[in-house]
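By written order: A, B and C. Residues from 1 in each chain.
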C-alpha cells in the first residue's frame, strides 16, 4: 500500500466524492447512452409520436389511456397521469420512460431505480413538433422525427393558408359540460394547443382575453360574449351518434347567441382533439372545415 | 294517588339471558305525601323511576295514577300529571331561565300553539315558588348548581302541579345547595300540597323530607313504610351493607343517619 | 365572561314568543324577498329591467331578457333553495346531535350525494328523468342511499344511547363514502377527474327551471316534516329523557327530523354540488339575533340561508368579472373567519 503514491490516493478520494455527489441523475453519468430499445410512454401523445417516427417497435409499455394506433392494444398498460403503476412499469425493464413533468413522485421513484426519463410538458401547438423533434433526438431517430415534424408543420401551414382571408369567427370552444344540460361548461380561455389550433383554423377564441387554459363558463358569459360559433369537442365514447342532435339542442335555451340563431353549433367527436400529437393535423383540418366550409368545397 | 302493583322488568339484550331488574315491586304514594325511594346502585331505582315516568313499560304488574294505568296513557296526558326533575341538566344552546320554565308547558300546548299570557303567568308563578323570579332573564348556563336545580323544579311545577318525580335531585350539588333544595321541596309540599316521589342516595335527605320510604334492593322491596319506622339501622345495614347509627336529632327535627363503616 | 354581557342584553324581560315570531318572520322575510328581487338585476353584465319586460322585442333577440330569465333568475332561485335547505338542515342536525359544530355534512348525506355525482361523471352516465339529467339525479339517489344507511343504524339503536350511535354511525358512513369517492376518482380519466373536481366546488348556474321544480319535491316534504318539530327540538336539545318526560315521542321526532333534514340536504347538494359553511354558520348567526327558541331559529335560518347564499353567489359572479368564482369559495372565505370568531366568542 505504501507503494501507491499519495497524490493518486487523494485524487481517487476526491473523484469518489465528486461521483457520489453528482450521482443524483443517472442520465448525467452516461457518456455514451445506448439507444433505448424498451421505451415506456405514459403520455398518449408521445406514443403516437414514437410510432410516427418509426420507433413503434421499441415501445415496451403504454398508459391505460392509449388507444392509437391499433397496435397499442397488444402492449402492456402501466397506468396514467394520476395513477402510474410503478411496480408494473419497473418490471417491464424499460430503458427510457416518458413521464409528465408534473409526476413528481414517479420521477423520484424512477430516479431511485436509475431509470432514464424524458420529461413531457403540455403546452401550445408549436410544442408538439418541438417535442417530436426532441424525442427523436433522444431516442436516436432524429432524421425520421425531423421529417415527421416538418410534415406536420407543412400540413398545419396548409390549413392556415386555406382559410387565410376568411373573416375570423368568434368561437366558443367547449371542452366539456354536463350531458343534457348547460351546466359546468368548460371552455378554452386563450391559452393552450387547442386554442392555437382554433386560431390557425380561422377562428377567434371568444374568451381569448381571459388568458386561461380553461374557463368555467356561466350562461351569462355566453349570452354576453355572443359567439358566432360554438364548437364542442368530444372524445372517446363520451358522446354517441344518437345523442348529437339532442345535445346540440341544449343550446337553444340561449336563442340570442348568434351561434344558436344561425345554427352554428357543432359537436365534433374524436380523440385527435384531446391528444397534442401528430393527429393534431386532423383536428386542425376538421375545425377549419367546420368554421369555413366554403374554403374546402371542391 | 300513585300505586305500583307487582311491577317486574328485565332488560333483554338480543338472545342473551335477560337481566331481571325489578321483581314484583309494589308501593303506594298518597296525595300530598313525599315518598323516598332508596337503594344502592343496581337496585333498580332508576328503572323504577323510568317506569313510573312512563318511559318504560313493565313486563308484568302495573303502575296506576289516580286509577289510570300509566303505560296505557298518552304521553302528553301523563306529562300533564307527572313531571320529572332529573339529576342534572345540560343545555346545548343558550336558553334563558324563563325559556327553560316555559318548556314545561309543552304538554299543555298543541303542535302549532304558542304560549299564551296565561302560560307565562304560570311560569312566573313557578319561578316565584322556587325563589328564582329575579333570574328570569338570565341565561340558564350562567346559573349556579343550586339555582339551576331550582329552575328545573320550577319548570316541573309549571308542567304539572300534581306530582313531581325527582331523580337524585341533590346528588350533583354541594352541601349548601342540598339544604336549599331540600328546604324548597319541603316548602312546596307544605304550601302547595305537591305530591313527590324522591329517588335518592342521600339518607339524611330522605330522613328530612320524606314521610314514607321504600327500600329497594336487587329489584325487590325489602321494606316500605313511614320513615320513622322503616329507616332503621337494621334496614340500612340490609340495604347498603353499612353499619349506621340512626337517631332523632333534636335541633334538626328529624331522624339523622350517621354511617360508620361497612358491615363485613 | 365578557361575552355574556352581549348575551344578557339579548334576554331583557321577554316579549311573548308570538310577537317575536312575527318580528322575526317580517324582518328575515323581507331580507330574503329583497335578495330574490334584487339579485337577478345585478351582475357583471348591466341589464335594464325595462328591456327585460319589453314585449316589443322578440324573446329570441332579447339578450337582457335571456340573461334575466335563463342566466340569473334560476340561479338566484337555486341559491335561495340551496341556502335555505342547508341552513335548515344545519339547525336540525345541531339540535339532534346536541352539538353546535354539527352541519349537514356530518352524517354523510352530502358525501352520498357527492358519490352519486362522481359515479355519474366517471361512468359517463347520460339520461334524463323527471326533468333531471344524470348527474343531479344520481347525486340525489346517492344522498338517499346514505340517508338509508344512517336511518337504518339509528332505527336499530338501543334506547338511551341514541345520540352517540347516530353521531358515530353517521360519521362512519361519511368516512366510508369518502373512501368510495376516492376510489371512483381513481377510476376516472383526466377529464372526468377535472369534471369531478369542478362539481365538488359547487355551481348554482342551473340555467333552467325543471331542476328547481324537481328539487322542490324533496325539499317540500322536508319542510312539511319539520313544520311540527321546532318546539320539540328545543326540548330534545335539553335532554332526551326530560323531553320524553314532557310528552315528546323522542324516537319518532328524531327520525322525522333526521329524514327531513337529510332530504333537504340531499336535494340541495344534488342541485348545486356541495356548498360549504352555510349549514354550519347560518344557525349560529341567526341564534345571535333571535335567541335559541327553534320556533324562531328554524324559519329565520331558512330565510337567512337563502339571502346569504344569494349574496355570496352575487359576489362570486361579479368580484373577478369577467371570470366567475365557484360559490363555495366565497362561502368559505366568509364562513371560515366568521366561524372562528364565533368560536372565540364562546370561550
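Everything below uses one rule, namely that a contact is a pair of C-beta atoms (placed from the backbone, for glycine too) under 8 Å apart; a residue touches a chain by one contact, two chains touch by 3 or more.
Note that the structure is a prediction, hence the values are computed from the model and not measured.
Undergrad: Remove chain A from the picture; does the complex fall into separate groups, and which?
TA: one piece
Undergrad: Which chain wins if you rank chains by how close their C-alpha centre is to the centre of all protein C-alpha atoms?
TA: Chain nearest the overall C-alpha centroid, as shown: C.
Undergrad: How far is the middle of chain A from the middle of chain C, if each middle is the mean of its Cα atoms, in Å?
TA: Between these chains, centre-to-centre, one finds 41 Å.
Undergrad: Per the centroid of Cα atoms for each chain, what is the distance between chain A and chain B, given in Å?
TA: For chain A versus chain B, the centre distance works out to 78 Å.
Undergrad: Using mean CA coordinates as chain centres, what's the gap between chain B and chain C in Å?
TA: 42
Undergrad: Write out the stretch or stretches of chain A touching chain C in their complex.
TA: 65, 80-83, 175-176, 178-184, 186, 209-210, 212, 214-216, 218-221, 223-224, 226, 235, 237-238, 243, 253-256, 261, 274
Undergrad: Residues of chain C touching chain B in their complex?
TA: Against chain B, the touching part of chain C is residues 1, 4, 7-8, 11-14, 16-18, 21, 94-95, 98-100, 228, 231, 234-235, 237-239, 241-242, 244-249, 287, 291-293, 295.
Undergrad: In their complex, what parts of chain B are in touch with chain C?
TA: By the definition above, chain B touches chain C via 50, 53-55, 75-80, 82-84, 86, 89-96, 98-100, 103-104, 106-107, 109, 111-112, 114-115, 117, 120, 136-139, 142, 159, 165.
Undergrad: Inside the complex, what are the residues of chain C that reach chain A?
TA: 43-45, 59-63, 66-67, 70-72, 124, 126-128, 133-135, 186, 189-191, 193-195, 198-199, 203, 205-208, 211, 317, 322-324, 326
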